[in-house]
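In the two assemblies presented below, chain A is common to both, partnered first by chain B and then by chain C.
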Partner chain A sequence: MTKYLKLYSHFLKFSLSNSLQFRFDFTFRILMDCIFYVVNIMFFKVIFAHTSLLGGWTEEQVMIFVSAHLIVDALQMTFFSNGAWMIPVYINKGDLDYYLLRPVSDLFFLCLREFALNSFVNLIIAVVISIYFLTTSTIDFEWWQILLFYLLILNGSYIHLLIRIITITPVFWTHSGRGLEMAFWTLERFAERPDTIYKGWLRYSLMFILPFIALCSFPTRILFGESLLEVLGYCIGISVLFTFVARFLWKAGLKSYSSASS
Partner chain B sequence: MKWFFEIFIMECKRVLSYRIDFWLQFGVVVCTEIGIAYYLWSSIFESEGVTSISGMSFEQILIYYAVVPFIVRLVKSSDDFGISREIYEGGINKYIIYPVSYSATKMIERAAFSTMGILQMIVGLAFLSFFIPIRDYLTLENFVVTVAFCGVSFLLYFYMCFCLEILAFWFDSVWSLGVMLRFVTMFFGGGMIPLAMFPDTWQSVLSYTPFPYLFSMPMRIFLGQANFSEIFKGVIVTSIWVLPIAALSYFILNRGFRRYTGVGI
Partner chain C sequence: MHSSFAKMIKVSQLTKTYRVYKKNPGLKGTLQALFKREWIDKVALDHVNLQIEPGEIVGLVGANGAGKTTLVKILSGIIHPTSGDVKVMGYTPFERKYAFRKQISLIMGQKAQLWWDLPAEDCFMLLKEIYEIPEDVYKKNLAHLVDALDVSRVMNIQIRRLSLGERMKMELIAALLHQPKVVFLDEPTIGLDMTAQKAVRDFILDYREKHKPIMILTSHYMEDIKQLAKRLVIIKDGKFVYDGDLDTIAKKHHTHKLINVTLGMNAEIDPNKLLLKHSEIIQRDGDLLKFKVDANEVTAALNEIFKTLEVSDVKVEEEDIADVIENLMKRNR
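Let's turn to the complex of A and B:
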C-alpha cells in the first residue's frame, strides 16, 4: 500500500508540473467544464419549466442528482480519463510492455498515471454545486445519508472506470482504434438522466448489463429515504462484480497481446 | 476548379473507408438519442397528463430527437477539424506551397463529410420510418429545403469552428475551445432540446444570435413548422452572420500565417 501511495505521489508531481506548462489550455479546460455544468443544469431548468415531476422526482431532487453526475464526471476526468484514453494506443502500438514489466499493478499504473489538475479545480466546483443544492433543499437529510451519498459517488466513479476498461479490452482482439469505447461514451448519456424515468427491459439492462444508473442515480436515492440495504447492496455488488469482469477480460486480452518487440 | 472536385472525391472515399465508424457508431448515437428522449418525454407527458408541450406532441418530439442527430451531422460535419493539429505539427506547411486556399480546402473536406451525411440521413430515416411515424410529417419538398438550409448552416458552423481552430497559431492547445463551442451550439442551437421549449425571454434573446439557425431552423423546416417567409428570413440572417465571422477568420488566418514558423521551411 505504501509503495502505491509513494508511486501515486510521483504521478502527482509529474502531472502538476505538466499541467502548469500550458497555462492557456489549463484555463480553457476549466472554463470548458464550467460550461458543461451550466448546460446540464439549464437543460433540467428548461425541462422543469414544463413539468413539476420527472420520473417522480421534484426539481430539487433532480438538481441533487445533476450535481452527483457532475462530481462523477469530474472525478473520472481528474483521476482516470487521461490515463485510460491512452490504453488502446499502447495496445495497438505494442507499447504496453513498459507497463507490464513494472513491479506494480498494470491497470493501476495505466489508469492513474495522469492526474488532471484542471479537472481537479472542476471537481471542487462540482462539489460546491452539490453542497449548494443540498443546503438549499427543503428535504431533511441525516449526516450519514450525506456521507453515504458522497461515498457512493466515489463508488460510481469507480464503476465508470470499470465499464470503460471493459469496452476498451476488445482492442486486444480487433486492433481497432478504440474498441467499443466510443459506444461507451454515447451510451454513458443514459447516466445523465434520473433512473426513475427508465422502465422495462432498458431499466434492467442499465442496472445489470451496462450499469450506468449505478453511477449517480442510485447514490442520489440514498438521500430520498430509499431502502438503505437495497441501494448499498446494489451499488457495492455491481462494483465487485464488474471488478471481476474487468480483470478477467483484461487478463484474457493480455494473453492475446503481442508486443512490438516479440 | 479541378482540385476542388479531386479533394471532394478523395474525402468522400476516406469517409466511406471507415465503415464501422460511419454506420455503426452513428447508429448507436441515433438509437441512444431516441431511447433517452422516449423515456424522458413519456415520463413528462405522463406526469402532466397533457397531449402537447410548447405546441409539440409526443410524436413530434420523438421525431425531433430521431432527426436532429442527422441534422447535427450535416451542419457540424466531423468534430475533428485537424486544423490545430496541422498548425502544431507543421502539416500546414504544404498549404503554404500548394496553389490552393487553405480555408477552401478545409471547407471542401468538411463538405464531403456532410454530403456523405445526406446518404446516412436518407438510409437512416428510411429505417426509422418503420418504427416512428416520420412519413406523416416528411415531404420531399421539406426534405430538400431542410438539406439546402443545412448547407447555409454548415457555412456558419464551419467559420465559427475555423475561427477557433486557427487560434492555434497563438495558443498551446485549442481543443477545449472547440468543445466549448460544441456545448454552447448544441444547447442554444436546439441540438439538445427543441428551442420552442425554452422560456419566451430566452427565445427572444436567442433570436439575436446565430444559434437558432444551426439546428433548430432546419428541424422546424423538416417538421413543416416554418413557412416560406421564415425560411427566407433564416437564409438572409444566417448569411449576414456568416459574412463577419468569415471575414474575421480570414483576418486571423492571415495574421497567423505571418507569425507561423514551420519546421523545414
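Let's turn to the complex of A and C:
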C-alpha cells in the first residue's frame, strides 16, 4: 500500500509539472468544462419550466443530482481519463509490454499515471456547486447522509472507470481503434438523467448490465430518505461485482495480447 | 558448476501460433475478407527446446520474423505460449508473479520503456519505487551505472530531447537498476553509431562480469553476438537450426580464410591477373588486397598469388566469426 501511495505521489508530481507548461490550454480546458456544467444545469432548468416533477423528483432534488453527476465526471476526468484514454492505443501498438513487465499492478499504472490538474480545478467547482444546492435546499439532511452521498459519488466514479475498462477490453481481440469505448461514451449519457425516469427492461439494464444509474442517481437517493441498506447494498455490490468482471476480462484480454512485433 | 544445477531457463516443446487471416490485395480483396475470411495459423515458434544455466549469455540470431522476439516475449511473460512448457527461475513467466517480474529485465532497442516527457532522473526514481529498491542500494547502483555509461551531464534532460545513443544508455540503466538475474536484450544496439554500439557492448560485458546474470541477446549486428555471446542459437521459421558453442560453430564452419596481400612498390596490376583460380578478391584499397579462399586451398592460392603478383607482404587470417554466422544463416534461409 505504501508502495502505491509513493508511486502515486510521483505520478502527481510529474503531472503537475507537465500540466502547467501550457497556460492557455490549461485555462481553456477549465472553461470548456464550465460550459458543460452550465449546459447541464440549464437543461434541467428548461425542463422544470414546463413541469414541477421529473420521475417523482422536484427541481431541487434534480439539481442536487446534477451536481453529483458533475462531480463524478470531474473525478474521472481528474484521476482516470487521460491514462485510460491511452490503453487501447497501447494494446494496438504493442506498447503494453513494459507495463506488463513491472512488478506493480498494470491497471493501477495505466489508469492513474496521469493526474489532470485542470480537471481538478473543475472538480472543486463541481463540489462548490453541490454544496450550494445542498445548502439552499429546503430538505433537511443528516450529516451522515451527506457523508454517504459524497462517498457513494467516489464509488460511482470508480464504477465509471470499471465500465470503461470493460468496454476497452474487446480491443485485445478485435484490434479495432477503441473497442466499444465509443458506445460507452454514448451510453454513459444515461447517467446524466435521474434514474427515476427509466422504467422496465431499460431500468434493469441500467442497474445491472451497464450500471450507469449507480454512478450518481443512487448516491443522490441516499439524501432523500430511501432505504439505506438497499442503496448502499446496490452501489457497493455493483462496484465489487464489476471489479471482478473488469479484472476477469482484462486478464482474458492479456492472454490474447499479441504485442505487435518490433 | 555441476550440470545438474537447476536450470535457470527451461523450455520444452514450446509452440506459439498466431491466427491471421489471408487478404487478397486491393479493394476487392478487402471486400472478400469482409464476408469470407480464410484464417491461417502462422507458426512463430515450433516445438522448441532450450535450457540455459546461470551466467550464460546466449546469442539468438535469425532473419526477421524467424521467432526471436516471440521467444523473448514468452520468456519474459508478456505473451502466452500456445503450448509447451516454460520455466524461468522456476516461475511460469505468463503467470507474471511479482517476485518473477522483480528479477527480470527486458530491453528492446526499438521500443522505449522510459517516459518521454520525463527526465531520466525522474524515470529512475519511479523505477526505484516500482522495484522497491532500498535508498542506499539505489544510490550506489545509479552512481555506478551513470558513471560507467558517462551520462551524468544529461540526467535531468527530458528523454525525448536525448540523442538515440544517450537514450539507449538510459534504457540500459533503467533495465539494470534493480540488478535483474535474467536480462533479455532485444536488438540493444539497433540504430546506434559505432562509438555508441561499442559503449553499450562494453557496458553489457562489464555488467555480466560483475553480476553473472543470464542474458539472452538478439541482434542483427553479428559484432554484438561475437563480442557478447558464448553460445549461439540460430532460429529459422520458428525452429532452432543450431544451438551450441559459438567457437565450435566457428571452427566447424570456417570454410574460408582471408589472405591479406601488400603489393610491392610500383607494382602495376593487370586487372585480368586478379582473376585467380583458387581465391576471390573481396577488397582492394591502394596496394592492399584482400582475398577470400577456401580453407583447404590456402597453399595453392598462396602459390598462385606469389606467381602472378609482386608481393611485399602477406598475412593469412581466419574469417570473421560474424561472417561465418551470416553465411550460415544465409544457407539456412
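Methods note: the second predicted complex is superposed on the first by the 259 of 262 C-alpha atoms of A that agree within 3 Å, B and C clash if a C-alpha of one lies under 4 Å from a C-alpha of the other, contacts with A are read in each partner's own complex, and residues count from 1 in each chain.
We take it that contacts are C-beta pairs under 8 Å (C-beta built on N, C-alpha and C of every residue); 3 or more make two chains touch, one makes a residue touch a chain.
Quantities reported herein were computed from a predicted structural model and do not represent experimental measurements.
More residues of chain A are in touch with B than with the other of chain B and chain C.
Once chain A of one complex is fitted onto chain A of the other, the partner contacts of A:H10 are limited to chain C, with no touch recorded for chain B. Applying the stated contact rule after C-alpha superposition, one finds that A:V104 touches chain C and leaves chain B untouched. In the superposition on chain A, A:W173 contacts neither chain B nor chain C. In the superposition on chain A, A:Y204 makes contact with neither chain B nor chain C. In the superposed model, A:M42 makes contact with chain B only, not with chain C.
Once chain A of one complex is fitted onto chain A of the other, the partner contacts of A:D95 are limited to chain C, with no touch recorded for chain B.
When the two structures are aligned on the shared chain, A:T51 is found in touch with chain B, with no touch to chain C. In the superposition on chain A, the residues of chain A contacted by chain B and by chain C do not overlap at all.
Chain A makes touch with chain C in their complex at residues 3, 6-7, 10, 13-14, 18, 94-98, 100-104, 254-259, 261-262. Those residues of chain A lying in contact with chain B across their complex are 21-25, 28-29, 31-32, 35-36, 39, 42-43, 46-47, 49-56, 176, 182-183, 186-187, 189-190, 192-193, 196-199, 202.
Touching chain A in their complex are the following residues of chain B: 20-21, 25, 28-29, 32, 35-36, 39-40, 42-44, 47-48, 53-54, 171-177, 179-180, 183-184, 186-187, 192-193, 197-199. Touching chain A in their complex are the following residues of chain C: 18, 65, 69-70, 73, 76-80, 94, 96, 98-99, 101-102, 104-106, 108-111, 113, 115, 117-118, 122, 125-126, 129-132, 186-187.
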